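Every chain is named by a letter (A, B and C) in the order it is written, and numbering of its residues begins at 1.
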Amino acid sequence: MSYQPIHQPPPMDFRSKSMRLNTLRRSVMNHLITALSILATLLVIAPLVAILAYLIYKGASSLNLAFFTHIPAPVGEPGGGMANSIVGSGIILGLSSLMGVPIGIAAGVYLAEFGRGTLLANAVRFTADVLNGVPSIVMGIAIYSLVVMQQKHFSALAGGVALAIMMVPTITRTTEEMLATVPHAIREAALGLGVPKWRTAISVSLRTASPGIITGCMLAFARVAGETAPLLFTAFGNQFWSFKLNEPIAALPLQIFVYAISPYDEWHRLAWAGALVLIVLIMVSVTLVRIVANRGVLKGAS
Amino acid sequence: MGVGIQVENLNAWYGSTHTLQDINLHIPANHATALIGPSGCGKSTFVRCLNRMHETNPIARATGVIKMGDLDIYKDASPVEIRRRVGMVFQRPNPFPTMSIYDNVASGLKLNGFRNRRILDETVERSLKQAALWEEVKDDLKKKSGASLSGGQQQRMCIARALAVDPEVLLMDEPASALDPVSTSKIEDLIFQLKSQYTIVIVTHNMQQAARVAENTGFFLNGKMVEFDSTHKIFTNPSDKRTEDYITGRFG
Amino acid sequence: MQTSNLAPAVFVADPHAVQIRTVEPSPVRAFLNARGSGKLADGSFAAVMMLCACSIFAIVLFIFSILILRSKLSLVAFGWKFFTRQAWDPVSGDFGALPFIYGTLATSFLALLIAVPLALGVAVFLTELCPKPLRGPISFLTELLAAIPSVVYGLWAVFVLVPLMRDVLGPFLYKTLGWTGFFEGTNFGVGMLTAGIILAIMILPIISSLTRDIMTAVPNSQREGVLALGATRWEMIRIGVLRNSRIGIVGAIMLGLGRALGETMAVTMVIGNHPEINKSLFAPGYTLASVIANEFSEATGDLYLSALIEIGLALFLVTIVVNAIARLMVWAVTRGAPARVA
């Protein structure tokens, strides 16, 4: 069984000049790319740190009690605050959550519990993802055309509807993802006990996935809380107190925008303070809900 | 108290796979009946047809007549009503992770809208005692999550959960296959205790287990029921060659 | 005994076939037996859920139809030429969208030009090179960037980036790259370059976090296979990771593009808002989104309003198409794995 190769290739010589050069080139390239990717990371983190640091510095030095208790002062007068904008934002966001959260969760439940694998579900999922990318300003003019043109005036309600539409796709997708993590065996356990499907979906699937769904809702909430563009022609803004749903209402991001592009230093100061409050509100609400949602789960639950 | 089950010409499909072919059998009341056979032979599908869990899969389908007592389960009632009469214990323990032990056991009642607290308390205690878990968990019934128990305890809790609805039939789909030997023997003891009160159908790939707990045994192969007889007869003097080959370990 | 076509027979093993129930059913059993089938509740619940799911179609259809309806006037008056005309004269009612299209495309591509290499670098660093303990904080930081509202970016840009551009970066670019013709004219600090930079900062987290997800989805066996052939780490990343995930990465970049095309507030605050096509990136410009933001609420006359809504319609259609393509690309790679763009 002696086997004679017809052609014996020469053994590789790693010490030859060309081989050494090749190895050198490859290792230089390797280090270069490593360095570049580290540099890129630093370059990305730098503006973030810069923005946050500057925001905290400017915002904190401009904040005072009046900011939270007063409405905007007329041009030229010092002082004033954004109390009405904070309340207004709260009203608009409350409205939008009231509309957007149930619809979003229900759509997610359909995708995960009823429509799994069907054409309709895939189409809904795709549309939700695409709708997620539609610019917020487009939502603004669409709602303007629907609500404001009908009512003939700007209103808090219109702002709420615009933000609700923006919340729906995000909530739908997170709900679906979170429900998909609930093991099928648990649903079977409930169905096997003779629990109707609707009850299983609510009391077993949704309840098991609730921490994730709540977090998802909060993220959607945080995203629309800072939205300005869809409010420009719906809620419109208001320099005074307003609690009526069918009247123009102030909102924190709108007020920041108006003050930022104004020529007055006093208003710039308030814009910074407003931006800090907005960011803190967003971050605090997100973290708070996360903590509360985690605490609600029984010990030892997986 | 249990009821007998009469199965006539049962056929079942998953998509285009014909998983059960012309099954005819009578399962007697208040006895344990074991179903054995190699994996993929259709025994799990069979028990899932008995409480209409089979049809929760959108591609699955079944024809034939199954009578539970006088009730034709495919004609006279909805799946939900059938499943309320039939308890089921699954291969792997599947407690509700967000619920306490108490809520897990009471879930079949609570989720179906039963509100009487006194009866709930009684039922939970009775079921946990029947499942031989009461002594181990009675101190933190409402404090601990069902998922915090050990695997064997979880499975006994799942049995208690199935018993809490006071079913007429108890289906067990390889209830001990995911458990250690000690837990397995506890579950077997349990089946032995329970079979005087419930009609029990237990699927197992463990022949010794079938021999230990069941009066009657059915042997499934490739979607057909090859033989059904008293356990003693099946294991000592089977009438079909294939049954003999299986129980003597020639295949499977 | 080998009769395979055995006729089905009824097996009766127990003689006490008929069991007569003698005991009264327990209260629990009585309750459960009396419970209805719940078919009605089940059916209506499923219907409501489906209705809510379909409302997402309804939203998209509604936006589309109302935008067409309200822009009819301008659609009829200008036709397709609307998108190739440069005029923007509200007084005489002459409208064309070309300057805004130019501004939008120029700022978006500028943003991609800056953001893509950086985002890829970050993703490569995070998935392949980063020491474990640093991974969490850095990805948290980059995702924090995504949580900052657009208007806050704008605010920061107006007061920090614009002076920086005017006094430092602008003159530097003029000196070094002025000969290209892209950095000419008076530099006010506001303009397309500033808008492009702020857009780049805003779309970075989207692209980098998606790319990271896609690269994580590449199975480790691919990496090990390439490493086993004696590749360096970079070659492993290039051959084993990037090549396997390139469709998904392109999808992620397109999602970033979709965001950049529609971004409104920050751009409006720094682009200068002047409807003019100019090669120099220092020059002020205007984008589709920012012209709507600026002029919509004070638009007088139906044709003016209708022209603005038509711009919105164009923006809607373009972003829908870009997003659809991008989603399909990302899905092709991650196979429906969660997309984490918030």
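In this section, contacts are C-beta pairs under 8 Å (C-beta built on N, C-alpha and C of every residue); 3 or more make two chains touch, one makes a residue touch a chain.
All values reported here derive from a predicted model rather than from experimental measurement.
Inter-chain contacts peak for the pair A-C, counting C-beta pairs in contact.
Relative to chain C, the chain whose mean Cα position lies farthest away is B.
Chain geometry summary: the mean Cα position of chain B and that of chain C are 49 Å apart.
Per-chain CA centroids place chain A at a distance of 12 Å from chain C. Under the contact definition stated at the top, the residues of chain A that touch 2 or more other chains are 194, 196, 199. Across the assembly, chain B contributes 80-81, 84-85, 112, 165 as residues in contact with two or more other chains.
Residue positions 32, 38, 42 of chain C each touch two or more of the other chains. Listing the residues of chain C that touch chain A in their complex gives 32, 38, 41-42, 45-46, 48-50, 52-57, 59-60, 62-63, 66-67, 69-70, 117-122, 124-126, 129-130, 138, 141-142, 144-145, 147-156, 158-160, 201, 204, 208, 232-235, 237, 255, 258-259, 261-265, 269, 289, 292-293, 296-297, 308-309, 312, 315-316, 319-320, 322-324, 326-327, 338-339, 341-342.
Those residues of chain C whose C-beta lies close enough to touch chain B in the complex are 1-2, 6, 8-14, 16-19, 21-23, 25-29, 31-33, 35, 37-39, 42. Residues 26-27, 29-30, 33-34, 36-41, 43-45, 47-48, 50-52, 54-55, 58, 102-103, 106-107, 109-111, 113-115, 120-121, 123-124, 126-142, 144-146, 149, 165, 168-170, 172-173, 177, 194, 196-199, 201, 219-220, 222-223, 225-229, 232-233, 236, 253, 256-257, 260-261, 268, 271-272, 275, 278-279, 282-283, 286 of chain A are the ones touching chain C in the complex.
On the chain A side of its complex with chain B, the touching residues are 117, 183, 185-186, 188-196, 199-200, 203-204, 207-208, 210, 297-302. Residues 1-4, 8-9, 22-26, 28-31, 69, 77-78, 80-81, 84-85, 109, 112-114, 116, 119, 123, 164-166, 215-216, 218, 224-225, 227-230, 240-241 of chain B are the ones touching chain C in the complex.
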